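Structure first, commentary second.
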Amino acid sequence: MYNFTNDYNETAHRDLLKAFSNTANQKLTGYGFDECCIKAKENIRKQLKSPSADIHFMSGGTITNLTAISHILKPYQAVIAADSGHVNVHETGAIEATGHKVLTVKTTDGKLTPELIEPILTFHCDEHMVQPKLVYISNTTELGTIYSKQELKKLYQFCQKNQLYLYLDGARLAMALAAKDNDLTFPDLAKYTDVFYIGGTKVGAFAGEALVFNDTTISQDFRFSMKQKGAILAKSWIVAVQINVLMQNNLYLELGLHSNNMAGKLKTIFENAGLTFAAKPQSNQLFVNFPNALAEKILNYYRVDKIGQTDSKYTCLRFCTSWATQDEEIKKFAKQFQKWIE
Amino acid sequence: MYNFTNDYNETAHRDLLKAFSNTANQKLTGYGFDECCIKAKENIRKQLKSPSADIHFMSGGTITNLTAISHILKPYQAVIAADSGHVNVHETGAIEATGHKVLTVKTTDGKLTPELIEPILTFHCDEHMVQPKLVYISNTTELGTIYSKQELKKLYQFCQKNQLYLYLDGARLAMALAAKDNDLTFPDLAKYTDVFYIGGTKVGAFAGEALVFNDTTISQDFRFSMKQKGAILAKSWIVAVQINVLMQNNLYLELGLHSNNMAGKLKTIFENAGLTFAAKPQSNQLFVNFPNALAEKILNYYRVDKIGQTDSKYTCLRFCTSWATQDEEIKKFAKQFQKWIE
Amino acid sequence: MYNFTNDYNETAHRDLLKAFSNTANQKLTGYGFDECCIKAKENIRKQLKSPSADIHFMSGGTITNLTAISHILKPYQAVIAADSGHVNVHETGAIEATGHKVLTVKTTDGKLTPELIEPILTFHCDEHMVQPKLVYISNTTELGTIYSKQELKKLYQFCQKNQLYLYLDGARLAMALAAKDNDLTFPDLAKYTDVFYIGGTKVGAFAGEALVFNDTTISQDFRFSMKQKGAILAKSWIVAVQINVLMQNNLYLELGLHSNNMAGKLKTIFENAGLTFAAKPQSNQLFVNFPNALAEKILNYYRVDKIGQTDSKYTCLRFCTSWATQDEEIKKFAKQFQKWIE
Amino acid sequence: MYNFTNDYNETAHRDLLKAFSNTANQKLTGYGFDECCIKAKENIRKQLKSPSADIHFMSGGTITNLTAISHILKPYQAVIAADSGHVNVHETGAIEATGHKVLTVKTTDGKLTPELIEPILTFHCDEHMVQPKLVYISNTTELGTIYSKQELKKLYQFCQKNQLYLYLDGARLAMALAAKDNDLTFPDLAKYTDVFYIGGTKVGAFAGEALVFNDTTISQDFRFSMKQKGAILAKSWIVAVQINVLMQNNLYLELGLHSNNMAGKLKTIFENAGLTFAAKPQSNQLFVNFPNALAEKILNYYRVDKIGQTDSKYTCLRFCTSWATQDEEIKKFAKQFQKWIE
């Protein structure tokens, strides 16, 4: 049975594994003070063209989000997110567990804009309500869509003007930056967000993300928060070496591109079959509306995520490809799919 | 300037003040173990026809909600509420500050039904999402509407079937039980909720509510939670004596009825003027749609809550009457209002 | 049976009751924006000679401590307290429930000094440990002892030098300021603490304390924290009018003095009987070491707190007098006691 | 410069690395539902002779402690620990950050006994204080000492009798079970604790611990807590494969034994030099009292932990060896040390 459920079903890309294995003969300092961490940070800062960025290596997305956000906010301050946002839906209330409300905005494409946020600011006008303080976005979004440079810049300027922090969840940042429609660069992320993370787990690492504070006034004492949340790995270098390889020779974007290209092939297949998408297909996730019977067939033979009913006749399924998806898998699926729709 | 902003702008009803003053000559045990508390609890249990109800005296609505709900839930469990619910909007994230997410449902009348809750249960199917566990309702609702006996019973049975707790916020319970359309009784509340509170602050008490656990399996050790949240008053009897008077000779319902009747007179005035309501007027809160210019005038001369724009031409204002509103106030307003609309 | 258990067993002093009753004919704005609150704050600021003090009316000691401390600290910061401190022992982990560790120091007299705190600062040197940030003291202390002006000043200067906040719990501040050995004044408290509260519940109020921020950089947005913790009373004036009366015509200190004097009479009785004290008797609490048999007798006839065994032969009991203790009660006890020890 | 600071300064044992690398060619299910996880759990259950044990793979010690303990306790319940306990000192208030107080007992050897715990239970008698509910111990302790079977059994029986849960932190469990004085086995841990973890990070794994619930009534819904705390690794198998290898062919105990043996050689060197130990040397950590000047010399040439002053003349240093410490390192140190003390 083939599998387009997710992009974290294979251990790690061979280049990362090799770099990881090479650490086996060294004696390294614990808790992130080793040479691998230092080197990886320098490399990231260079890519970001941001010599003062404050960088921390984390073991996964949820712990990165909750540790950073709870560090930044005061107890009565809240997060603004799309209602489809990962922190709102798929982290079992991790933000709330640290004491903070997540205020949500309905969106059709998973993206936030100043226009969508404005009413929340207007509404929350006194101390009987939480104080909105941090805008959470992800790129790619939960729906696989991406932010353009213009969109991100406008959002950041709006946040600046309204004393809001802008946090970008980069679990699938590689896919965003490698998307055909993308015009964002790493230095843009350093310029137009207060804090973001470079996701590794979904881009060829066996675990690990690099959290980057562009605004270092909010990262003071961050290691205290990390330790308190259980987010400092004793052997932090195991993440650092992986991120370091990803950030060399364009590998990060290459893996993102491969993920997108594999989805692109599926997209062509579905378009040729006259199917529509619940969200604009821009990266490695496709949200496809299938006639119910066809969806059934697919679910019987493939592991893909069932998102829900589009309407009474159509079912929405998510196809997710990865850095490790092989041409062969797409071809076999195409062949099978062709039979079903004939 | 007259004032229809709220129902907590006068200290206390004279009967409560008198009973309160009478405690001044006694020496009483601290922390809720005194005779006033014991007597008041007995009285409440009698009214509820529920000899085993576990009752606690609290100083206000928000601290009652947060202490009870955080006591009942496990860290990963969530509250379900109407999006207009007090715990969702007007308690500055008090529930989230204790670690729990509030899941919301859009409603037109502020009321929850099994049909509205069902999709939340279906959606929250695994450990990547919070576990819905407690349904929060208020009666009257934030929009002044009320639950019928049939509605509450159906909701409770649905909760029982789905292992959900049903919590009823009774900040304005007197107005609900005294409403013309009401068919609920105190014993019904004991039967068809797991926990609810009898609100005093908005019904003639200077402070205080009585929290009632019908399901005593969830109230075990509740005094630990009370102390931890700062909710045990050293002199708990100051609340108990007030609630006790309210629960005697039908005073609680009488004060609720008076509040409703005063609103009823305003309702007639507005209906005669051809105005519409944003929510069905059933109790002491009226949500009235005024032409923008008229709303302006009212806001200049009266203290009432501006809810927002109904549409481009109409503004929604809330009129709230209370146990202490006097006929004279209504008449003066009526006279003034008549001039404006002529 | 007579009762020296505590100083919160009678409703309220007659002057406070009278002022409270006088509010019954007014219509007042909710949530602390009424004229009574404004007037009481002005009065307090005048007594403190501190025109910029930021003052808030609270319903009790524990909720005051937890709301203020959790507002001031960042998630990884900790409180330093005497191991006998109220926040450490008798608030059911209220501080920890807001996420903060309480670091403790063993003391013989319940008082903190720079010398006692210094080792904690030295020890907590990196992010694997919490960051000590707020020093919690009470005056009088849990053991009934008091701080001299010199002691408080030194402690405050030490805190300033080490970027620590100094918080003073004034549940029994009246007794401290009225103690024979005292040389502190209200203006000293404004000068030598960052934040403190003027306790009412144990000094003739039926409920209520006035929280005073001297350092207003840490009180920004404090009303958000108050609302979130359920600490804003809808009818805040019920506290304000009481505190206002206490702060007029020296009543606060008079009630403190009366409490102390009553304890002073008990002290003489015990000294004459050759008994010793577990803590220096300076205010309205006496910690007396009784031979076990005598302690037994007392516990059979009086309600007093049993603190524990001083050693195998002696039992420590706490006698606590109050603003309402009457000469007659002392005399009757003296008579009975005399019989027992003859 | 040589290094006896810690036991987590090298990536991973070669057998674990090999097993890990072997996963690179598989497609595995995310979040702990893959075959590696299933197989590793079966293997652990077999070693524990406990077919019903509920096992979860975690990324590190602190996140294991905080996730498990916060899952088990109700909001007002507290942990009992030795004052030297890791959760009390070296986790930046992680337990308190989840809302729970840590009650501490002074010990000389880092070990808890019924006699030490009893007074805490007696003292915490009402709702003004937290409710002690979980006893936290570690084996080996923070001081490198170990629990005998008889000690653990007595402690567990005491906990059972007093409705306390017994939690054992096994960060260095291998060293405990491989200690010369040890008589505990894996099945004993299943019998005499409610929950414990098999530490990997300090025993040859690059990251990872296996948390074992023996009492499965307290592990219900544990994956919700894991997700909420950021403790579910997308690729959980990276921990599982390592733990699985450790639990095969006695490797876990072998690595523990090697760690202990290396420390044993240092112990002989120090004993021959007439030095004393601050805690009984039983495992891979030695707490040695050096004359101040000698301590200075060592600190200049070696990375070891300075614990503090034993007294004015002696300084306590911690030497920590590991599964990766080589004979050569010990020999070189011995040679150098010999020169210093001659």
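Which chain is which? They are A, B, C and D, in the order written, and residues in each are numbered from 1.
Going forward, a contact is a pair of C-beta atoms (placed from the backbone, for glycine too) under 8 Å apart; a residue touches a chain by one contact, two chains touch by 3 or more.
Keep in mind that what you see is a predicted model, and the values were worked out from it rather than measured.
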Query = If you take the chains that touch chain B and keep only those that also touch chain D, what is left?
reply = A, C
Per Cα centroids, the chain farthest from chain A = C
Request  = Pick out whichever of the two, A-D or C-D, is joined by more C-beta pairs in contact.
outcome  = A-D
Query = Rounded to the nearest whole Å, what is the centre-to-centre distance of chain A and chain C, using the mean of the C-alpha atoms as each centre?
reply = 51
Query = How big is the gap, in whole Å, between where the Cα atoms of chain C centre and where those of chain D centre?
reply = 42
Remark   = Chain-centre distance (mean CA atoms) for chain A and chain D, in whole Å, is 34
Message = If I count partner chains per residue in chain C, which residues reach a count of at least 2?
response = 75-76, 91-93, 97-99, 127-128, 130, 224, 227-228, 232
Message = Tell me the shape of the graph of touching chains, choosing from line, ring, star, complete and other.
response = complete
Query = For chain A, which residues are in contact with chain D within the complex?
reply = 3, 5-6, 8-12, 14, 17, 20-21, 23-24, 26-30, 59-67, 91-94, 97, 201-202, 206-207, 224, 227-235, 237-238, 324
Key: Residues on chain D engaged by chain C in the complex (per definition of touch)   = 75-76, 78, 89-93, 96-102, 127-130
Key: Residue ranges of chain B in contact with chain D within the complex   = 70-71, 74-76, 98-99, 127-128, 130-131, 221, 223-228, 232
